[in-house]
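Have a look at this one.
Think of it as A, B, C, D, E and F in the order they're written, each chain with its own count starting at 1.
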Amino acid sequence: MNRVPDTELVKIPGGTLLTDSPEEGRALAFAIARHTVHNIQPDLDVLVAGRPKYATTPESLIAASQVVAIEFQTIAAANNYWRS
Amino acid sequence: MNRVPDTELVKIPGGTLLTDSPEEGRALAFAIARHTVHNIQPDLDVLVAGRPKYATTPESLIAASQVVAIEFQTIAAANNYWRS
Amino acid sequence: MNRVPDTELVKIPGGTLLTDSPEEGRALAFAIARHTVHNIQPDLDVLVAGRPKYATTPESLIAASQVVAIEFQTIAAANNYWRS
Amino acid sequence: MNRVPDTELVKIPGGTLLTDSPEEGRALAFAIARHTVHNIQPDLDVLVAGRPKYATTPESLIAASQVVAIEFQTIAAANNYWRS
Amino acid sequence: MNRVPDTELVKIPGGTLLTDSPEEGRALAFAIARHTVHNIQPDLDVLVAGRPKYATTPESLIAASQVVAIEFQTIAAANNYWRS
Amino acid sequence: MNRVPDTELVKIPGGTLLTDSPEEGRALAFAIARHTVHNIQPDLDVLVAGRPKYATTPESLIAASQVVAIEFQTIAAANNYWRS
């Protein structure tokens, strides 16, 4: 198995939900979502094999976007929405 | 690859969740959702190719609407629902 | 293109999440959900063409109901659940 | 069209999210979910025609249950979870 | 019709969202999710007939798990997350 | 039936939602999601049989990720987002 590197398997990259800005918080949401998939399926070859169809199917892109949106809800709340 | 412009890849356009009105907050929800797709699939040709079927399929439009609804939950909370 | 009227493209009809009653809040949730679809697909002919199948498929009706439920969560929170 | 009765089209039956008990709150969640479908598709014959397949398909029952769960989240929050 | 027993149709088994522990709260989430399906489809024979395919399909198990997760969000909030 | 071990059927492993770090909280979200599936389908052979297709299908991985995201929302809130 062509295993994804250990750094890609950290569940919460950086170890905190707190970020300096919404942009960084959103990047964290993307990273957490991606690492979740890596933890469920750590074989890089399988992930790469699935990408061509997934990444060209609008409904799949929407489903992935929804996961990012949910992760971001948590991160935004953690940061009090970066209000001040 | 016909890459979407860099401005379309900013994850949180404007860099804040705070807006002056619900209407602007909703527009931000649309933008964040769209930019999420762009970040996952930055090839504009692929995105354009997928649109005819996606945009004429009610179930796909509903799925996209759900993502906007979730993003808006976050933005509305960030703005204390524009209460006063 | 037979474009939906501009009034149907306002993202938050009325410009506020605050309503006088749960019933009005729910009506707003329906309107926001509908306007979201209109903004993604503003061609009325396409929307009308999709309706016969969508509106007779229980799973599609359930999916649409879920979007309304999510929009209503936001609106209900905004109104402190119309508690007093 | 064999239209569902007007009482089935009230969006928030009873006009309030507040109930005396969790059981009544859950019943309200069911009612709101059902009335949402009625508002999107008010033709009773269509609804009845869709039921045999929908109600015998586990995945459709799960999807419907999810909508009830989301509506209940809102109602439970409105009632402070009937804590005291 | 081989109707599920009345005890399986109570919408909120026990009549409260408050439990002594997270484990009991999770059990309640399972029960509420199951009773929701029972209320939509109270024919036990239909439910049993659907199980073989549903319970061996990972995507269906994931969908069911998501409903439990949503119910648990409500119950956990009701119990202040069993913090002390 | 090749039943999953009892330890895999505990609904909330560890009996608490409180963890020392986001990483541990995320691990708990994974565990709760997995144990939920185990409780619905406790036959290990069935679970193993479903894995090859599920774990190589991007849409299924996304769906599983969404469940983890929802479980994590609850756990993160329980821990006040590990803010201090």
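Operating definition for what follows: a contact is a pair of C-beta atoms (placed from the backbone, for glycine too) under 8 Å apart; a residue touches a chain by one contact, two chains touch by 3 or more.
Everything quoted here is computed from the prediction, not taken from an experiment.
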Contacts common to chain D and chain F (chain labels): E
Between chain D and chain E, centroid-to-centroid distance (C-alpha), Å: 17
Approximate Å spacing (C-alpha centroids) for the pair chain A, chain D: 33
Chain centre separation (chain B, chain F; CA means) in Å: 29
Junction residues of chain E - those touching two or more other chains: 63-64, 66, 70, 73, 77
Chain contact graph, described as a line, ring, star, complete graph or other shape: ring
Ring topology as an ordered chain list, initiated at chain C and continued via chain D: C, D, E, F, A, B
Chain D partner contacts - residues on chain C that touch it in the complex: 21-23, 25-27, 30, 55-59, 61-66, 68-70, 72-73, 76-77, 81-83
Touch list for chain D against partner chain C, complex: 10-12, 15-18, 32-33, 36-37, 39-41, 46, 49-51, 53-54, 60, 63-64, 66-67, 70-71, 73-74, 77-78
